[in-house]
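In what comes next, chain A is part of two complexes: it sits with chain B in the first one and with chain C in the second one.
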Partner chain A sequence: MTWYLQEGPENDVVISTRIRLARNLKDVSFPWRLSPVELESVRDRVTSAFRDVVRDMGSERPVIVELNTLGDIESCALAEKRIISRAMLKDTRGKSLLLYPGESDGILVNEEDHLRLYSVGAGLCLFKTAGCVIKCAADMEKRLSFAKSDRLGYLTACPTNTGTGMRASAMLHVPGLIRAGVIKRLADRLTKAGYALRGAEGEGSDAYGDMIQLSNQVTLGVSEEQILTDLDRFVHDVAEEERKARRALYENDPPALEDEIGRAKGKLLFSRLMTTEEAMRLLSLVRLGKELELPEMPSYSTLQELFIGIGEGVLQQAAGKPLDPRNRDEERARRIREALRSSM
Partner chain B sequence: MLCQKCMQNDATIHMTQVVNHVKEEYHLCRACASALQNGEMGSKSPWGDLFEPVLPGPSLFGYPFSRPDRRAAPKRVVCPQCGESERELRDTGLLGCSQCYETFLDLLIPVFRRAQGHTQHIQVPDDSASWIAITESASKEEENKPTSEIEQLRSELRTAVEREDYKEAARLRDAIHELERESST
Partner chain C sequence: MTWYLQEGPENDVVISTRIRLARNLKDVSFPWRLSPVELESVRDRVTSAFRDVVRDMGSERPVIVELNTLGDIESCALAEKRIISRAMLKDTRGKSLLLYPGESDGILVNEEDHLRLYSVGAGLCLFKTAGCVIKCAADMEKRLSFAKSDRLGYLTACPTNTGTGMRASAMLHVPGLIRAGVIKRLADRLTKAGYALRGAEGEGSDAYGDMIQLSNQVTLGVSEEQILTDLDRFVHDVAEEERKARRALYENDPPALEDEIGRAKGKLLFSRLMTTEEAMRLLSLVRLGKELELPEMPSYSTLQELFIGIGEGVLQQAAGKPLDPRNRDEERARRIREALRSSM
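Take a look at the complex of A and B:
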């Protein structure tokens, strides 16, 4: 089952955990130095190893997606699900996406590095997610030789990934901290420790859905275990501050916040046209209601599914046809209404 | 002074940031600075002046503002394996192949020191088995953590004690006892 339909630890603040490992084949230049033919040869080597791994797992057929065969809607949907980056779509030659059964783990081939293995989990589960992706990498390493050195560990195209090649991140919903205006201070504190805090990627809107992402910046000279332990501690700290900020926000004027959240829910339940920006803002408020344990709120998994499901790519993919902007707003409003009604 | 990003316009925006205890300066033109803030050069930052701690790309190697004494690598170095030149490395911020790491090691060390705070990988046991064991036991712990109200209060109590806020700690302790009494009846 894909991660966003599940509920994980610390789900009242932490939406998801994501770990990726960068790996490169030994004796082949990094993707940006390769010709299209060489890129395809890397892709074929990695894909064939991947097929063997999945077959040994005794699984059904793996999903292999060549990015240059994808239409606009499908690529947009993959970007909205944060499986690929929009930057990756600028040049899709030789790039592919290999998905393990279950949809939460995968490998991006020929992005900045030959392999970017990733795993996503619901809530805060850094160690479990790291366990998955490290096992995937170890299985691949039995069949492929990766570029590494004793002194520098795994060698990557960009020196900001050298060493462990690991980027661990957690996505947090922090309406309390954003309203309290303390994000900048938190970000400075994390930056000094070698960790980063940034806003979730949206389409031009600020503080998209009140979500932030915490991740490690340092990959060299620290062990994977240390990276995860430190990040886990930071996430717990930030989550704790968020809970306090929420409670303060609520206790300051309960009817006012309940009114704001109630109106947001009303709009989501009864609107006929809804833009992505408005939907994200309202869904964030309703999620805050759920987090404050107000009555008659939808489940976390419904909210997570909607956070992902209202993007134009996923929306059109689900509709099975291209929709113009107005039809998208209509379809978005319909999906939200139905999902919320069946969840409350 | 030229903009560090586009290397065409004059840099009119100068910023300083401390990363891993190392002071870092950015010099950008207005266009590049706003592109950066709008997320064109990385992830979106809704907080305007929030920079990525280390900008990938040309600025990684300090180009074109590298201090002369730090340019230890001789000019015209080219990687024998992939043919990347020092100039290309400074322009892209990317290495061409694994051999580049040896070819450009002198240039890389200061970059690692700045961006990573370390210059050497920590060797962990090579077989991933021990690693998988660590993550498995830790992830069992993660799963067993209930997020009940009482657990939350307990964790708040720990942090209150840590910051020596005994008044708050006493309040939390009372609240926990109250809950425990409720659940036992």
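Take a look at the complex of A and C:
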């Protein structure tokens, strides 16, 4: 089952955990130096190894997506689900996406590195998620030789990933900290400690739906264990600050916040037209209601599914056809209405 | 059962019908010329006759309210229910309100005239409502001698009421005409024909909750029958124009209007704080949804009860204590929420 339909530890603040490992084939240049034919050769080698791995797991058929065969709607939907980055869509030659059954783990082929293995889990579950992706990488390493140095560790296209090749991140819902105006201070503190705080859509993006992403910056000279232990502690600290901030926000004037959250729920349940921006803002408020344990709130899994399911790509994919902006606003309102009604 | 808990003819446009008859005691000066002691004497004569009438009807005990014994909250509540005018509260000496069982019919004593008998009905029901109040007046006339001239008819404190002493009015919900911007033109047309169009709270008031009041202006030289027949035709005409206007409004962009109405309903169902102004605006939109036969709308009787039940006087009376503005907003939101939930 895909991660966003599940609930996980610290789910009142932490939406999801994501780990990715960068790996490159030995004796092959990094993707940015390869010709289209060479990229396709890498892609075919990785895909072949992946098929073997999945077959040996005795699993159902994996999903293999060559990005240059995707239409705009499908590409957009994958970006909205945060499986691929929008940057990866700029030049899709030789790039592919290999999805393990369950859709929470996968491998991006020929992005910045030959392989970027990733795993996503609900809530805060750094060690479990890292376990998954490390196991995936080890399975692939049995069939492919990875570029590696005894002194540095795994070699990567960008030196900032060299070493473990690991980037561990947690997506947090922090409406309390955002309203208290302390995000900037928090980001500075984390940067000094070698961690990064970003908006939900990655580097340079705003805090969309009151979500931020915390991740490690250093990959060289530290063990995977150390990265995860440190990040886990930081996430727990930030989560605790967020809980205090939202509790203070609520206790300052309970009816005012209940009113704001109630109205958000009312609009989500009864509107007929809704933009993505408004939906994200209202869903964030309702999630805050759930986190504060107010009565009659939808489940985390419903909210997570909606956060991911209301983008224009996912909407049009679900509708099976292109929709103009007005029809998307109608379709978005309908999906939200139906999902919330069946969840409450 | 009080009128607003019922549904009546043309209820999709006409909220209620109200008829009042002005009557004065023979051989007694009009109220504005009387001393407090004389006013009390009139009040006692009228009250005594009223008790006899109700006793002869074999009804349960009537409600008799001496206005100078009322607290601010009770007075305000009576004005919000449109049983008395706010002007009547300025000097309450010798004034009283006699309510027939059922609370839809009554007599105001020592307002502008010695007696103002009134009856209110749901929807458009001019003849039935006039029948009630004429019967009440006739019963009273058996026990009291009214000032009357063969040539002029009933004599009244203000000459504009002389003759039949009848003012017939209908309260209409006209969001379509208001949005189409044609109210002013309609008011001019009605004025020329001897009728008046006013905001819901009477002369000089705005169209609160998209409601207007149509009433006759002429009482002299026409029969009750003629007043009612003409007004009935005018109300039917205006109702038909309103139906066309709201249908055009809807058909111009169904999702947009459904969105606006749906959001209004969502806010009413889930807010925790609501001012009277916002509540009236949102209730009017939801009533429009009901009138357009959109699905999942509350009943007319629930909407009517709320239109009347969310004023500060009625709210505080129901709460049994004075409430500050913030508490009123909370209590108003709670009442609306509960009434709509039990009606849908």
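What we mean here is this: the second predicted complex is superposed on the first by the 339 of 344 C-alpha atoms of A that agree within 3 Å, B and C clash if a C-alpha of one lies under 4 Å from a C-alpha of the other, contacts with A are read in each partner's own complex, and residues count from 1 in each chain.
Rule of thumb we're sticking to: a residue touches a chain if its C-beta (ideal position, glycine included) is under 8 Å from a C-beta of that chain, and two chains touch if they have at least 3 such contacts.
Predicted, not measured: the structure shown is a model, and the values here were computed from it.
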*Which chain makes contact with more of the residues of chain A, chain B or else chain C?*
B
_Taking the superposition on A as described, I'd like to know which of chain B and chain C A:155 touches: first, second, both or neither._
first
*First, second, both or neither for A:255, with chain B first and chain C second*: second
_With both complexes overlaid on chain A, does A:111 touch chain B (first), chain C (second), both or neither?_
neither
*Examine A:80 and indicate which partner it touches, taking first as chain B and second as chain C; both and neither are also allowed.*
neither
*Kindly classify A:272 by the partners it touches after superposition: chain B alone (first), chain C alone (second), both, or neither?*
second
_Which stretch or stretches of chain C touch chain A in the complex?_
255-256, 258-259, 262-263, 265-273, 326, 330, 333
*Contacting residues of chain B [partner chain A, same complex]*: 17-21, 38-39, 43-47, 49-50, 52-54, 56, 60, 81-82, 84, 92-98, 101, 108, 111-112, 115-124, 128, 131-132, 134-136, 138-139, 141-143, 145, 147, 152, 155-156, 159
*Please name which positions on chain A make contact with chain B in the complex.*
9-12, 24, 26-30, 32-33, 112, 124-128, 130-131, 134-135, 137-138, 141, 147, 149-153, 155-160, 162-164, 183-184, 187, 191-192, 194, 196-202, 204, 206-208, 213, 217-226, 228, 236-237, 240, 243
